[in-house]
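Consider the two complexes below, in which chain A is the common component and chain B and chain C are the respective partners.
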Partner chain A sequence: MIWVAWRQQRAQLITLAVVSLVVGTALAMLHWLMLDDLHSAEPAGCWIQQGISADCRKPVAEFQNRWFDLMKVGQVGIIALPGLIGLFLGAPMFARDLEQGTHVLAFTQSVGRARWMVTKLLVGLVPALSMLLVLQWLVSRWLVSARDLGPLITGPYEPLTFVSANVTPLAFTLFVFCLGAFLGALTRRTLSGMTITLGVFVAGWAALLSMRTVWFPPVRVLSDLDYSPSGPEVVLSYRTGYVGAQGQEFGRDQVNAIMRACDQPGYDCWRGHGLAHQFADVLPAADAWKLHLVEGSVCVALAAALVIGTFWVLRGRV
Partner chain B sequence: MFWLMWRRYRPQLIVLASLLVLGGLVLPLLTSLVAEDFRTLHLDQCAGQAQYIGPCVQRVQAFSATWNFWLEAARIGLLTLPVLLGMFLGAPLVARELEQGTHVLGFTQSISRTRWLLTRLAVILLPSLLLTVAAQWLVLRFLLAAGDDRGPYYWTRFGISDLAPASYTLFAILLGTFAGALLRRTLPAMVVSLTATVAARVTLDALHPFLLPRRRLVTELGGWPADGSLMTGVRGYLDAQGQVLPQEAVTALHDCRQAAPSTDQWACWHEHGAVHGFVDVIPVAEAGTLHLVEASIFAGLAVLLFLGTIGLLRRKV
Partner chain C sequence: MNWQRPSGRAVPVIAEGLGKKYRRGWALRECSVEIPDNRIVALVGPNGAGKSTFMGLITGMLAPTAGQISVFGDRPQGNGLHPAVSYLSQAKPLYKDFTVAETLKLGAKTNPTWDQKYAEYLVEQAQVPMKAKVGTLSGGQRTRVALALALGRKPRLLLLDEPLADLDPLAREVVLRTLVTEARNQGITVLLSSHVLAELENVCDHLLLLGNGEVQVAGDVAELLSKHVVLTGPVNAPVPVPQQKIIGMTVDEHRRRLLVPVELAHVGQPWAPSAPRLGELALAYMRRSALEKAA
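So, the complex of A and B:
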């Protein structure tokens, strides 16, 4: 059975291996080139969090000109990978058999449908997930070595960073793959299965990002009027606003009215209107792993439900 | 013929129309929301000011915390739209017929193969171009309302302005069609279409500095042109006579960095003969011309791919 599954998906799996090899080598080379650039040129010792001195501004700008966007492209690659795997491996998995009628042969063999399905899924899934893990590891190693000169400076909750880090890509790949398989089995058409998978994949990323504030209660951070409460956005911000001396919140309309009334520089006028502090309801950066774990579990649970759904659809097929 | 095409491509056309309606509803809504936020936060006063210093900090931060994701998503969405159109509409256009054998019916009718292909392309290409241009208009309005201004050559800006999206779509769909006619299988054609479109775009992006004549900008030592011109990678130093400093002299400048403390660096550089810096750039004003050149290249490639597809179909029995 494994041999049959391998033969059926050989083209995809070989493509996967070749792509992994090429992209992996490219990533390793980029990492090495960047380290070389970092150590041979000036930016070494110009870490942003120590404050950029005048001497550092130009080398840092030049370094970031060369590497920052490239590192972001690496992150986008990790984000796109679940979609590509779901589209090209997941969706055609059962849809092609059903579309071309070859499932009849499979269904009339001595192997049960459940085993047929599980073997096919695993033969596609295990290499795909391994590829993702390797590439994600290479990208994260590269990004970490750029420290705060790279995209990681904006903290673990920055959208691109969040969805390309920790267990989220792995769990999401599992979900999109099973979704593709399910939709393929349901629509019995490769192209329709792929199109719907793409749509849900995009919606899925948006859901992962927008539901981040649902799972854990935030911590309230207070700060002076003239100082931003969260600093550079390394925390996950739920809500920001202004409070009075007793901690009572000001509504947005009230604050807007005060801002309009006070057009001179400084904050004395604001204090006169009763504003005492800025607040930010945030999730600290140290809690990012919890969020990854929760959202990852949701993806895995959905994937399990989709596998059951796929089996149910396939069992009903004559 | 057109009725047949409508029946054949109904799902695809309905998806395109739904995307258009969805974008037409969501993007104007986002545009009005972002414009209101921009106004209430008085961000117009912050234009040109350093974003991380001064009283604009909080307002800029509050604004980007809410909107950066949506702005980035709109940019990426518009950048990837042509690739997706080529993959999902271009690649299956001929490949599916060849794969399922339905081309035999078409080829044995009274119309020529060229017309057979042309009608199919028109039914797919015109709505796709319409969608691309509409999406471009909506997204640019959204970005403009958010005060987005990173210069015309910034890679996420260049690819979504002027003729770029339409020419990418034209090229991507014809590339997909060609790959389909060549490989005669939908799935491989989609993979090839995706990879080749991305590769072509990246290659042409890298070629941008070579497509137009460069202009030499003379800067202060250690200066840096920040007007958003396209850097060509050619840079160096000029001596008092305006001659380019030879490579050995530039290497000697590195000693200045190690030997002297940073305060009298430039004096040391002057002693070594470096008086000005220079960079070769393509100026901001040339962006329209660069778009024109790039779009012509993509259109030319599209014509070649169309001829290639016709050639392949003629030979097919």
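So, the complex of A and C:
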């Protein structure tokens, strides 16, 4: 059955292998070129300093001009992969068989439906996940080499960095792939399956983001009125605003009214109206791995439910 | 229920009170029938009679709503086809981008009872190139490959759901001849569903006629034919048998033909008795079932 599943998906899997090889080679070369640039130019001596000195500003800016956006493209690629794998491998997995009636051929051999389904899913999924892991590793190595001169400087919660790191790409791929397989089996149409997969994936992602405060109640960070809460680049900021001396929150309208009333420079007038601190409800950088793990687990659990759903749908197909 | 013959050899199919209901209503109901071993069975009936549903129930792709069915002593579970059964649907689904050789390899990889040499022999006999993609084959060639895939499993029961429907007359004849030869040589029971009664007449030795989702006639062809007679008489002669005894009647410009039970054969002049043909008998029962449905 493995051979049959492989033969059916041969074109997609060969395309996947070729794309992986080309992109992987390109990433390795870019990494090597960047390291060469870093060591041959002055930024190499700049990144070990605390802060960037006046002498370093120009070479660092030039280095970032050459590499920063390129590394962001690498991250975008890792983010796009789950979607592409789900759409082009997951959605046609069963939809094409049901569309062309060839599921009857499969169902009338001496292979049970469960075995048929699981074999097909694994033969598509294992190479896709392997490719993703290799490419993610290459991008991650590249980004880490650039240290604070690359996109990692904006902290683990920067959307591109978060979604392209840790277990998130793997979990997303698993989820979108199984979502595509399920919707393809349900709609019996490859194109419909692909389109709905894309829509549900985007909606699901938004729902996942909205659940973050539920899974991780934020930590409140206070700062003086004249400073933003420190380190916004390394924390995930859920909410910001102003509080009084007893920690009571001021609503946006109240703050606007105070600002209109206080037209002189300085913050004494604000303090006179009761404002004591700025606050930010945040998730510290050190907790990023927990968020990855929780969101990843949700995706894996959804993927498992979708596999069961796919079997349930296929069991009823004639 | 005893699913086996005293000889110990399991009966290909036994259905008892079998029924299948869809949302639109019953497709098959109260179907109690036995498909004996080593026969070529004609499964006939008008569209919507329940033929495909009956085959679906045998394969296990459909689950019965009522009653029970046994296939070689086992209950079809829908978890892969019974190893002794092969099924070929009207659409003859094959992977179009597979070559013929790869299609046979599919058979080998998914069936423990596969006979590669026999399947290759059937393809070679049909002069279909092994390296050709299935999508490039003619309808006749595709049917031969699908048949090789079905027979390569070495079934003892072969289910064919209108497999000749999209073939030209020449291809139909060749495929049918191959089918009958292989069935006889290999001792396979064939359940062949078709609308073309004339074709079935020459090859089938058992008849299962469905109408309105129910079994109308079932039995060995020779026995069924011996129980019926055709009375032919002038079109204006009074009908010599009670109306309710007439199974079927056809009228042309000069003659009237009545299909009746054989007990009514000797009605005297001007009616002449003759043996019916299978097609005529099947058609008469199909017409009667259609009239009953309309009523």
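Everything that follows uses one rule, which is that the second predicted complex is superposed on the first by the 308 of 318 C-alpha atoms of A that agree within 3 Å, B and C clash if a C-alpha of one lies under 4 Å from a C-alpha of the other, contacts with A are read in each partner's own complex, and residues count from 1 in each chain.
Please note the rule applied: contacts are C-beta pairs under 8 Å (C-beta built on N, C-alpha and C of every residue); 3 or more make two chains touch, one makes a residue touch a chain.
Here the structure is a predicted model, which is why all the values come from computation and not from measurement.
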Chain A as common anchor, with chain B and chain C clashing or fitting: fit
Touching partner for A:A61 - first (chain B), second (chain C), both, neither: first
Which of chain B and chain C A:N256 touches, first, second, both or neither: first
Touched partner set for A:F311, first chain B, second chain C, both or neither: neither
Contacts of A:M194 with chain B and chain C, given as first, second, both or neither: first
Touching partner for A:T102 - first (chain B), second (chain C), both, neither: second
Partner chain(s) touched by A:G112 [first = chain B, second = chain C, both, neither]: second
Closest Cα approach, chain C to chain B, once both complexes are overlaid on chain A (Å): 10
Overlapping contact positions on chain A, where the chain C interface meets the chain B interface: 11
List of chain C residues in touch with chain A within their complex: 56, 59, 61-62, 78-81, 83, 86-87, 89, 91, 93-98, 102, 105-107, 109-113, 153
Of all residues in chain A, those that touch chain B in their complex: 11, 15, 42, 55, 58, 61, 65, 69, 76, 88, 92, 96, 159-160, 190-192, 194-195, 198, 206, 209, 226, 228, 230, 233, 237, 240, 256, 259, 265, 278
Residues of chain A touching chain C in the complex: 1, 3-4, 7-8, 11, 100-115, 315, 318
Footprint of chain A on chain B - complex, ascending: 11, 15, 40, 42, 55, 57-58, 61-62, 64-65, 68-69, 72-73, 76, 84, 88, 92, 96, 155, 186-188, 190-191, 222, 224, 231, 257, 262
